[in-house]
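Two complexes follow with subunit A in common, the first pairing it with subunit B and the second with subunit C.
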Partner chain A sequence: MGMLPDEIKPAMEGVIPSHVVTCSRDGTPNVTTISQVYYVDPDHVALSYQFFNKTVKNIRENPHALASVISPETLEGWDLEIEYERSETSGPVFDAMDMRIEAIASITGMKGIFKLKAADIYRVKSVRKNVDERMPLAEMDG
Partner chain B sequence: MAREDESQDLRRQIADNERLIGKLNQELAKRSDDVRIIQQISSEITSTLDLDRILEIVLRAMEKTLGFQHSMILLASPSADRLTLVASRGYDQAGLGAEIEFGQGVIGVVASRKKLMRLGNVGASLSYLMAVRAKMEEAGQLVPGAMPPTLPGLPNVHSQLGIPLLVKDRLIGVLGVESAKPNAFDELDEVLLNIVANQAATAIDNARTYRMVEQLSRLKRFFSPQLAELIVAGGTDDPLRTHRREVTVVFLDLRGFTAFAETADPEEVMGVLRQYHAEMGKLILEHEGTLERFTGDGMMIFFNDPMPIPDPAERAIRMAVAMRERVKPLGAGWRKRGYDLDFGVGIAKGYATIGAIGFEGRWDYGAIGTVTNLAARLCGEARGGQILVSLRVAAEVEDLIEGEEVGPLPLKGFAKPVPACNVLGLRGTREG
Partner chain C sequence: MIPENVAEFVQSPIFLSIGTRDETLRPAHAWVTGAVVAPDRETVTCFVVEERARKILSHLEANGPVAMGAGSPTHEAYQLKGRYLSSRPADDQEGAYLESRRNGWLALALRCGYPEQIARPLILGFRHQPAVAITFRVEEVFLQTPGPDAGKKIG
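Showing the complex of A and B:
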């Protein structure tokens, strides 16, 4: 398998904010800007769950979402169709995300306040690189 | 026309493939280079036990061979709750001695979790979190906590990579690299640094152990073995760090020693000294005094540093009296062999500046102050068998001793003559 190509990794370091689109069960869409979509493996990404918000609420009603990430090196964007699978409160993915949040929180006096509640794991269903439509599309999904 | 299109496509594909092969070959060559460089670094750092040299080699390699412009090494405290910066490269201010608590920033979290961490978005994260903080404060949701002190490192840092230095599962310290560019480090950098970190951890641990053993044997020259171990383990304040303390100083020497040393055989002189030092040394340890220096027959001992003790004046007196007793039979023996050697002591109490005296490569523990001069001069004035103490000391131990007034004595370096007291003996055990 392997939906995510290596070249997308710089876009998943949280350098340029990403966007996540979700939709409630009754069809109301919501867009939010988040600091980072985390790379888990070629078929999974993770979003950090810190505060309860519309995104978290929607995703638990309707697991389908779209994440849009931008590479700080090339300024190219990718759209990822993702589907919520589960929340993790322990394990290597949670630990890695938790460490990063702890480090930043500690130097902004937000230790204990800005905390990772869970790592929400999503499966990547498709990846599309956003390129100028006039040029042939480089398709990455199967 | 179609065939031309086809061959054009084919040519383009071949060109693409050739570019790809070229790129792969470059990467392969770079990786072999990296491996070779890592091997060289490893052999360099494992061939020395000098801690400073090891730190220098590692950080130089960070810059010259791996291309990391800003790097630092911090070592964990024995209490395992904070790190101290011991080496850095690529910074305006070296920042040596700066401390980071476990759990503070990337370095602190790497230490507490004992796991590698790579952040490429430090700047963005900080902005985001400061905005969140401001919003929360506005909404009254957050009691504004104090911002923690700035950690050592680049002020405008955007990328950080921290690796724990581990020996088995024990945290020795953290190796960190930074950059002012976002996303400056990648997974390959993690792999390379991991290999260097493993080697560095072992080398640093060995060097530190070696240095502790060296320090221990050096300290044992001045202090009892137990105290030396306590100092090395970090159980008391570093005695070599300059500090002021009120100490009781005892100076003693042998009258007639210079003349004796000039006329007697060197072997005889050494023999006398050996006997004398052995006996005096035992008593110093027994009374928990600190032998600051000895020069031939002269010795300087003080009480209340590096470990504070109760009743330093009383201990000093008891030790001096015991020493005088011990020297008596020695003196009789020496007189039989024709050497006229007699024992004299000076004791004073006051503040001294104490710490490391000397120069790079030869630091010794020493004390400086009026009190040491006074004790030395009193010793100089003491006739054979006398223990001359300052009035201050005499007053403190007046219930303990039988004494007689002496002087006032004109002492070099003192504007007015100094009254003193000769300790004849301890009350109840009056010596003849």
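Showing the complex of A and C:
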């Protein structure tokens, strides 16, 4: 059995933007919003590498990252401790992410700006549901 | 010093989040439910719900570097980086500010086209009290709006 439960999959459809925190070798954190954390398999996710930005630079220096995702179905938030493994510039994961990013760019008016350079593959080290950050839907209704 | 337009942006009802790291350079994240820029624009006080602040504060008290991301549904975004100064429980006046800010945040998301059936429970579903007020000195400000200037240092 892998690290990622099935119930987390809707949080990786790109409906609600995700956050990723990385850290440089000198210890400076970096937080950024990304359009999608892509589900690869029960032990891996992929992040889109679109620009050579601080996130990309940091994970080449220090492979540890934290991805925070929210399910559009249950609105539950999850924290994933992840570790960078490799980059893919072709293949099924790259193609699927490329197509999804094109669609997100089209919907959000960012066509021509969002462009996938690589699918960065991360191993999931831990998964935590953030029950302390969000109110359950039932509690809101009540 | 934080540029004036960024100070205004950070205090408007937008998405905010904070990043820290532990001694082994493993990062942590929490949503921020509001932020106030000091009049001299040198420091920011941001608010994190108490339960989520514990890990962040353990990092900040052990080392100190902090990053706060600020982004709007319009894609305009900035990042403020600096060093932790202090923390304390948010007071009643700040609690009222956080409550009113949620409504402004929801209104902005709806204006920007977020579907109400997602935006309303998403935004109103963030716990915001009891909150911890975390103050940090801002040392660098970066543009994060997607595009050719993303990552540019602007303050």
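As a working rule, the second predicted complex is superposed on the first by the 117 of 142 C-alpha atoms of A that agree within 3 Å, B and C clash if a C-alpha of one lies under 4 Å from a C-alpha of the other, contacts with A are read in each partner's own complex, and residues count from 1 in each chain.
Assume a contact is a pair of C-beta atoms (placed from the backbone, for glycine too) under 8 Å apart; a residue touches a chain by one contact, two chains touch by 3 or more.
Quick caveat, the model's predicted, so the values are computed rather than measured.
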| item | value |
| --- | --- |
| Which superposed partner A:I104 touches (first subunit B, second subunit C, both, neither) | first |
| Partner chain(s) touched by A:T32 [first = subunit B, second = subunit C, both, neither] | second |
| Partner chain(s) touched by A:P72 [first = subunit B, second = subunit C, both, neither] | both |
| In the superposition, subunit B vs subunit C on subunit A residues touched | C |
| First (subunit B), second (subunit C), both or neither touched by A:V15 | both |
| Which of subunit B and subunit C A:D95 touches, first, second, both or neither | first |
| Subunit A positions touched by subunit B in one structure and by subunit C in the second | 15-17, 72, 108, 110, 113-114 |
| Of all residues in subunit A, those that touch subunit B in their complex | 9-10, 13-17, 35-36, 72-73, 95-96, 99-100, 102-111, 113-114 |
| Touch list for subunit A against partner subunit C, complex | 15-17, 19, 21-23, 25, 27-33, 51, 53-54, 62, 64-66, 68, 70, 72, 75, 77, 79, 81, 108, 110, 113-114, 130, 132-135, 137, 140 |
| Touch list for subunit C against partner subunit A, complex | 15, 17-21, 24-31, 49, 51-52, 63, 65-69, 71, 75, 77, 79, 81, 118, 121-122, 124-127, 142, 144, 146-147, 150-151 |
| Subunit A partner contacts - residues on subunit B that touch it in the complex | 103-106, 108-110, 113, 115, 117, 119-122, 124-126, 128-130, 132-133, 136, 142, 144-148, 151, 182-183, 186-187 |
